[in-house]
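Worksheet for the structure shown next.
A, B, C and D label the chains in the order they appear, each numbered from 1.
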Amino acid sequence: MGNTFGSNFRITTFGESHGGGVGVIVDGCPARLPIDVDDIQHELDRRRPGQSRLVTQRDEDDRVEILSGVADGLATGAPIAMLVRNKDARSGAYDHLKDLYRPSHADYSYDAKYGIRSWQGGGRASARETIGRVAAGAIAQRMLREFAERADRPAPEILSWVDQVHTVCANVDEASVRLDEIEADPTRCPDPTAAAAMTSAIEQARRDGDSLGGTVRAVVRNMPRGLGEPVFDRLEADLAKAMLSLPATKGFEVGSGFDAVTMTGLDHNDPFVPGADGPDTPTNHSGGVQGGISNGADLRLRIAFKPTATISSEQQTVTRDGEAVTLAAKGRHDPCVLPRAVPMVDAMVALVLADHELRQLRNTIL
Amino acid sequence: MGNTFGSNFRITTFGESHGGGVGVIVDGCPARLPIDVDDIQHELDRRRPGQSRLVTQRDEDDRVEILSGVADGLATGAPIAMLVRNKDARSGAYDHLKDLYRPSHADYSYDAKYGIRSWQGGGRASARETIGRVAAGAIAQRMLREFAERADRPAPEILSWVDQVHTVCANVDEASVRLDEIEADPTRCPDPTAAAAMTSAIEQARRDGDSLGGTVRAVVRNMPRGLGEPVFDRLEADLAKAMLSLPATKGFEVGSGFDAVTMTGLDHNDPFVPGADGPDTPTNHSGGVQGGISNGADLRLRIAFKPTATISSEQQTVTRDGEAVTLAAKGRHDPCVLPRAVPMVDAMVALVLADHELRQLRNTIL
Amino acid sequence: MGNTFGSNFRITTFGESHGGGVGVIVDGCPARLPIDVDDIQHELDRRRPGQSRLVTQRDEDDRVEILSGVADGLATGAPIAMLVRNKDARSGAYDHLKDLYRPSHADYSYDAKYGIRSWQGGGRASARETIGRVAAGAIAQRMLREFAERADRPAPEILSWVDQVHTVCANVDEASVRLDEIEADPTRCPDPTAAAAMTSAIEQARRDGDSLGGTVRAVVRNMPRGLGEPVFDRLEADLAKAMLSLPATKGFEVGSGFDAVTMTGLDHNDPFVPGADGPDTPTNHSGGVQGGISNGADLRLRIAFKPTATISSEQQTVTRDGEAVTLAAKGRHDPCVLPRAVPMVDAMVALVLADHELRQLRNTIL
Amino acid sequence: MGNTFGSNFRITTFGESHGGGVGVIVDGCPARLPIDVDDIQHELDRRRPGQSRLVTQRDEDDRVEILSGVADGLATGAPIAMLVRNKDARSGAYDHLKDLYRPSHADYSYDAKYGIRSWQGGGRASARETIGRVAAGAIAQRMLREFAERADRPAPEILSWVDQVHTVCANVDEASVRLDEIEADPTRCPDPTAAAAMTSAIEQARRDGDSLGGTVRAVVRNMPRGLGEPVFDRLEADLAKAMLSLPATKGFEVGSGFDAVTMTGLDHNDPFVPGADGPDTPTNHSGGVQGGISNGADLRLRIAFKPTATISSEQQTVTRDGEAVTLAAKGRHDPCVLPRAVPMVDAMVALVLADHELRQLRNTIL
């Protein structure tokens, strides 16, 4: 259980890091939506390992196959199943991990839950699981664009970037940052100075057998108004769930986030002023949601990722039999997940928005 | 849509701040669970307005009536419906708000979504909506205790408290703090020095026509191992959603949260050591969840609440017709929601854990 | 669990025959739908006991109270909670049933499932539970009418009637039968001759301490095309579930039903001919659905109800302790549920159609 | 939407008759359940085309590949994805159908709903879609057996067979019929005389360019008591939905079904007598469910299938442009779907029972 996300635009993912492959079923995609396999592949390429020396060197080309639900380049309304085969799954590389629990990995907790685990490369807890999400997210993005076009409004623009790695903070203007700036550097940090410092820090961490965390920021411009379903499926609640369902996430903020704590109501409230298309808010501490519903202002999110649990330094741990042992990780891994997290965040935002667009349709008829 | 929470222990809430009342249906409560109306009323009394001069003076006794699903003090397996009537609903007090949008309230976004709103006292966006959650949470707590007793393990102990108000931070030992310490002060801050400073700050804010935010921390001791359903219904993902579905929340952390960002893997990883009942982790940056599943360590959460949007100072805003106006709030309100947020956080944690306990049953048979 | 029905137009019911009351939460009702409490009360009055000497004489006026979700006669988009208090619940009348299992009632199976039961008057298994469905169904009917009006098409007309009681079969022209003809007789059989014979049969059954079953037929004219969600939520699948979820139902047919078995493909296939608004089918063995999706032809259903389990003749049964005893039922009951089943069938059809109308919206944008 | 079935043992299917393949994701399978690919393949072979001259000659070996969720022959708790590639998909054979609507097929209604369709071989409406269900059903069956073993009770035995084809009715003793008797004849009718007559009738229908319908009966022996979740997810309601979600079904009965109509309460009620393991019912008009919950008696179902819509005789129909045309079907098809429907019915029964077994766990703790 727990492998389905979304209520009306609904995805179910499957697959482990080692085995036949990973993938997703998208159910609820509006019929006749153009489905372009290149769009999907493009997003998968963004999250693919081996893109730069900053990330894991596992050699996967991650080619997606659309198994169903598409005819003549259009969604038929039937479920869209997509499969990415595993290729470079060196099971042998994990033999030494079979009977022990890597610290801060899912090894022990999976065992505690299931009494069994796919111990090879993280199994279902591997970041490889996110392939299905990213593939589905590309379809969600397309849906958002097409719906906007039909309604004659600008398409929602979802942009995520690496905002901080360890102590290196980027200086980015949320209002103007562009995708090409984000993609210009392997770090996916659009501030070139910070990007260079992040690169150095990540490479140093790798040399030290250590790893680094960081934050991703996301904004959505041209946000449709009225998305979010109080009280439990508030837009920020679904986004928080989406983000915390990504591997290695530890925190979530919308708008002012934890900074709200030291502000007062007078400072924090976003005054309304007359706008072209309903009221505007010159400030945006709300982050684009009020009462769980989007108000048309930019959606603003920030997500904390912990340092990768896999490090090559020695660590203390225990075996399944409860014996203390010393572990030194082998195998390939990212010393910092942040650059590859960006397309995952994009995908999850798109999936949440697409779901809420469909849920909001009921209120547009009467 | 969006008024149901939980998969197997499932609640559906209803009601607005003004109207016939608020309440909840609990579906999925195990048959023969003892249901004690006093337990439920006790939790409702904790969230009730008018408990102290720190919170809104709306006069509601919030007596709960159990409409169904209970016989001879035991759950029958049928849905448990609970109703709390509204009493002190002075609709007239909101007449001046009918045609304008209060800044950082849900007034505008509800209108944008629904094209209509219950403008009296916040309607569905009112914190009064949480009554149903708190009532259901009391039942969830009881379920957790009874399940633990049957399994001969200590009952999960859910404790939340006010950890910060504006710039006043409490000094609390998470490992030892007790419920009676939390309940000892109307602030629900168990650090008496900080509690006094918080009280002063809140009273000053009220005098200033202003409001304050803060953070709530929650821990769960005696956590059952194995709760959480990867990949989307990870325990922390469901908790994040639960917290961000509460009014006025802006941020969520599990374990190290945003502090993880500036740590390295070597510092952040929680080494395993042999324990009495499976491996232990002397540190707990993970916050009790690894790979989305509880590992038996204490669950550790932190939630950011913004300053109350309702303030009595003058603010700029617009009417429904798009005209700029000046608003000065009348009516009763909390200058700081934190003290009353504590039982809401307790309830949401309990609801998530109860749901995941039921979901985990499947893995206990074979 | 199991007390929620529908995916997008979703109801959750609660309540037992004895206790605080019965009711429903409707979640997903489109905002600004007119909600007329008289419409709702009218449907409740149709299912109310004591309407005629054919049905149980339990004295309930079944007045509905709308607790939430409506402002100025319009749905606000918030959940609509409705409550009907129990009034004439003579618990004492059931004391003799406390420790024994009435044949073909839910007494034993509830005990087997829950280990506890509300033994008074059937508890949750009572037909009184359907009050919430009927109230919600009235709202669903209104939604169907309003949606049709906005789309400038004739409103779907849902008509159910008693087609057979025991061996008395009605002769009704499905294409022309009208609501006033159905409501003209307490049997809800629009064939006056058959209605008279049914009345005699039911009265005789009551005198004999016995009970009778029968069938209800339902048609929906002006069916919207394109409703139904293959493969599991085919329109007929959701309708079958809806009908078999009603108390005392034993069988379901769509279109030709079991008569299809002895037809051949050549006879059974409905040839298409050019029509005004898409192809028409001069025959309608399909019953308005093909491949799980409505094709615009009339929806045609037939539902079998067993004879009421409660009879006043003596029966053999056992106690909770497994002792054989003889039971003679006291208390009030219907010797034939069919007349009161009609508004229940109407409601369930309306709920299924409303849900599928909302689900189909996704395919209307691109 | 609509491609997911089940609440706790949940399947999502995908795939069309022509395209990359068909398959299923099983989510909620208890960890450590033995997963034997041969068991699954065995069930797929039972529904496979080309088994005998009675069924379609499409040449598919329908080899299943398990993509995920299994390690060392055991379910890991992760979603189990299974894929069957399409092989003998002669798209060209359907070219003449591209622009016309076959009578009583889903061609028109899919177009009305989606505005697009996979017109090759029925697309998603093809019986080929049921492959995923049958594969998942084999896992559900295994779960039922293992759960029974752990509880030291006999395993539920699910048996379906062809009971009637056109006017040929079988004479089968429900209480004693065995799987090997059912599998002994390609008709899957365990009455050899009737089986021979059915075979003749089917072969004659093929020669006549016609097709035949029929009924499948199903019984479940050793039924667990207490399965079913009132009020909407009554066991018979979920079974009715399951059956009506199968292609070509038109009717459903549980227990006495439509025969209940002409019985009286005195005849129809199943008296309770003391039994070894709770009360027994010497008669079983209830069909094993009372009040929506299994009572331990055999589950008894009957399902009506219409004659196959595909026939080779000429038929009148219309094109997408609304022009009247004459159609003579080419391509391969079954003149009677009944023999291959049997494993589909088995699978759906198993899926419903497995789901309800998991849902009932909550009531077994206290």
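Convention: a residue touches a chain if its C-beta (ideal position, glycine included) is under 8 Å from a C-beta of that chain, and two chains touch if they have at least 3 such contacts.
Everything numeric here is computed off the predicted structure, so don't read it as measured data.
Number of steps on the shortest path from chain A to chain D, with steps defined by chain touch: 1.
With rounding to the nearest 5, the Cα superposition of chain B on chain C corresponds to a rotation angle of 180 degrees. Chain B and chain C have centres, each the mean of its CA atoms, that are 39 Å apart. One finds 26 Å separating the Cα centroids of chain A and chain B. Spacing of chain B relative to chain D, judged by their CA centroids, is 45 angstrom.
Annotation for chain B: residues 1-4, 8, 13, 28, 31-32, 77-78, 110, 113-115, 124, 230, 359, 362-363 touch two or more other chains.
Contacts from chain C toward chain D in the complex involve residues 1-5, 7, 13, 101, 103-110, 112-115, 124-125, 129, 164, 166-167, 205, 208-215, 225-234, 236-245, 247, 249-258, 260-275, 278-279, 281, 285-287, 289-296, 304-311, 313, 315-318, 322-324, 335, 359-360, 362-363.
If you check the complex, the residues on chain A that touch chain D are 1-4, 8, 10, 12-16, 19-23, 25, 27-28, 31-32, 65-69, 71-72, 74-81, 83, 110, 113-118, 123-124.
Contact residues of chain D toward chain B in the complex are 8, 28, 30-33, 77-78, 146-147, 150, 230, 358-359, 361-363, 365-366.
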